[in-house]
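Think of it as A, B, C and D in the order they're written, each chain with its own count starting at 1.
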Amino acid sequence: MVLITTALALVFFYAPNDADQGFVQKIFYVHVPLAIVALIGFIVAGVLGAMHLRTRDDTWDARSYVAIHMSVIFGVGVLATGAIWARASWGKWWVWDEPTLVSFLIVFLLYATYYPLRYSIDDPQRRARYASVFAITAGAFVPINFIAVRLAESLVHPRVLNQTAGDMPGEMRLTFLVALAGMALLYVTLVKLELTSKNARRQLRRLRKLLEEERSGGAAPPPIATVPAKPH
Amino acid sequence: MTVAVEPAIESSQGSQRARAESSTFAVALDQVVRHYGERVALRQVTLRLEQGRTLAVFGPNGAGKTTLLRMLATLLLPHEGELRVLGHVLPREAHRVRPHVGLLAHEPLLYRDLSGRENLRFYARLYDIEAPEVRIAHLLESTAMTTRSDEPVRNLSRGMAQRIGICRAVLHRPELLLLDEPRAHLDPEAAAMAEPLIGARTGVTRVLVTHEIEHGLAEADHVLGLREGSVLIDAPAAQLDPRDVRALYGAGA
Amino acid sequence: MRAVVAIARKDLLVELRTKESVPAMALFAVTTFVIFHFGLDRDRLEGELAAGVLWVTLLFAAILGINRLFVAEREQGGFDGILMAPIERTSLLIAKSGALIVYLVALELIALPVFALFFIDEGFWEAVPRLAVVMLLADVGLAVVGAMLASIAIHTRARDLLLPILLLPLTVPVVIAAAAATKPLLSIPLDTSGVGKWLAVLALYDLVFGLLAYAVFDFLMED
Amino acid sequence: MPALPLDEAGKYVAGAYGVFVALILVYVAIMAAKLQRIEREIQSLTELARERLKERG
């Protein structure tokens, strides 16, 4: 895990230096990979949620939760870097005619409600089930939302920001791909870290409960009378 | 839990025998556990109830009585253990159990803005009952509710709503009746009227949750005593003294 | 199917008896129009502004009705009676969505003429048949997603608080598509180009979330 | 993309990457705090277990 992180740091400080064109355009290398990874994370979380509903195994729900959690954190980065980019390019902190950014904001707002949803369900089984349903629904929502917003914006502004598409010079593309891979690795690493810490905390709680229960001496009170029914 | 030391084939035969045996009972629970969050509502409850018998469930508040009833009514999933109702495994075969179970819960499960008759009609449609109007008229007659059956339930007293609730619970002629304090809010006369519908002489298997110890013991064939989710009493009613049951409630016992 | 009809009929009967939801929704919508009049300081609306005002108002009014339908069920039957009956759980979803569609159509029957009276000068009635198609498709989407999310929200501690914040972002595509489809219809002169594309988006949304709700609903109803 | 002078653009680029680094730093800090809590918990549980062993003799 440490290895991945250091490799990532190397990639990060090396790659942008490589492609020397563009000035503001460099934000692209952090903004777009962040966004792509976050969105894929959301969709993966939906699949993980479906796995939970299928198996009823709580570890799938925990994975789905952590994936959404990390994607939301990445989402904060996306919106912040996006705003800075907009300020640099268009002189405004926020523009509504960048369909991808607007879609992302909507998706981000939707996933922000994941937390109040989780926290307001007490029963763990039900919480896991409902959170999974949310993850699936929201995961399906991501592409639909992008279709709708893109259609809406291109109606007013046929101009499409083409540098996000494939046609960029080889050097830039290489940097971009490396940045994307690095970001994906960072995501996976952080998800693992968070999952490990969550599991550690849960097991500690269980251990404490076990130790304390032993002290209070025995769980069940003694029976008063038991003569179970027998078949005749 | 004993560890199986015998060869695998034999142990699987053994469990098959246990399953065949448990399917002859109307209600069979094996080591059933249910949590609510961190709290354990039922811990390893094992229980057998024969067809046509009445089980009285006693226990202080929070003992798990309602949890048990809701589980038998297919409303709650067991978290561990095996649960069979009328020979079907829950929750997998819940759809086979549902047509034959009637629950009279704490709440009468009626829509307050509809009349008693409309409520019964609604449930008759859900249960797909034949000749619903005849059945409804008969039930309303036997609970002496015919004259007030077209008023919205919100205008009825709690006891009258309970009478409609009883009609609702037995509407589809269930084979297993789950009764949560059925006589609550009923005056003696109404309780007597309800007797042919939900009483011991119906011949239906019944699970009766109650706090009236003497009455419950008189009604029951078998008794289950719960406290904090654990079974403290599991014995024929004839072998029990009201004092044994009272010990469930008493501090320390 | 028998169960779907029974439950939807029961809900509509309760609504007819109490007259709780639809009148409240309609009153809310009309009041919101008045507020928009002052907030925007406009006597007449057309094009995108008209479409926006109409759809935002309808969406918020819909949230009122969705909340009420599920809160009332929980307060009275508590869902137990229906869940114990020998029926498919999804018939509850379909019945509730159906009842919501009826609510929304009733709301639109009242709100749309008032909207036209307040804000639109001419050419409105020509647009009505096409507008009806847009509304029906949008209603289906709102009702299905609303019923699914309300089933989630009703079982949480926050209850009716959670529904709007879950529902609003999820219905953004409906509002985008419905408003975009409505805009040319409320423009002067009437212009029907581009409406078909948006109807397709609405239909896609209805289809995807309809299937999704159908697939996951069982998990929301077990305990 | 309208070209901005380099010094002007540099500020924004630095800002964007700064946001990214800051985000990760904040996250790491939070995780560190959590790790510390876990460590403390382990410590107290170890003591509890040791006590228990002593009781048993």
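Just so it is clear, a residue touches a chain if its C-beta (ideal position, glycine included) is under 8 Å from a C-beta of that chain, and two chains touch if they have at least 3 such contacts.
All values reported here derive from a predicted model rather than from experimental measurement.
Chain centres were defined as the mean of their Cα atoms; on that basis the chain farthest from subunit B turns out to be D. For the pair subunit A and subunit D, the distance between mean C-alpha positions equals 17 Å.
Separating the centre of subunit A from that of subunit C, both taken as means of CA atoms, is a distance of 30 Å.
Averaged Cα coordinates give subunit C a centre that lies 44 Å from the centre of subunit D.
Subunit B and subunit C have Cα centroids separated by 40 Å.
In subunit D, no residue touches at least two other chains. Of all residues in subunit B, those that touch two or more other chains are 77. Residue positions 122-123 of subunit A each touch two or more of the other chains.
Contact between chains, per the stated criterion, is found for A-B, A-C, A-D, B-C.
Looking at the complex, you find that subunit B touches subunit A at residues 21, 24-25, 35-37, 43, 46-50, 77, 79, 222, 225, 227-228, 230-236, 239-240, 244, 247-248, 253.
By the touch criterion stated above, subunit A contacts subunit D in their complex at residues 22-27, 30-31, 34, 73, 76-77, 80-81, 84-85, 87-89, 163, 186, 190, 193-194, 197, 200-201, 204, 207-208, 211-212, 214-215. The touching residues of subunit B, when paired with subunit C in their complex, are 73-77, 91, 95, 98-99, 101, 103, 105, 107, 109-114, 118, 122-123, 125-128, 152, 168. Remark: subunit C residues 2-3, 5-7, 9-10, 13-14, 17-18, 76-78, 80-87, 222-223 touch subunit B in the complex.
Residues of subunit D touching subunit A in their complex: 1-4, 6, 8-10, 12-13, 15-17, 19-20, 23-24, 27, 31, 34-35, 38, 41-42, 45, 48-49, 52.
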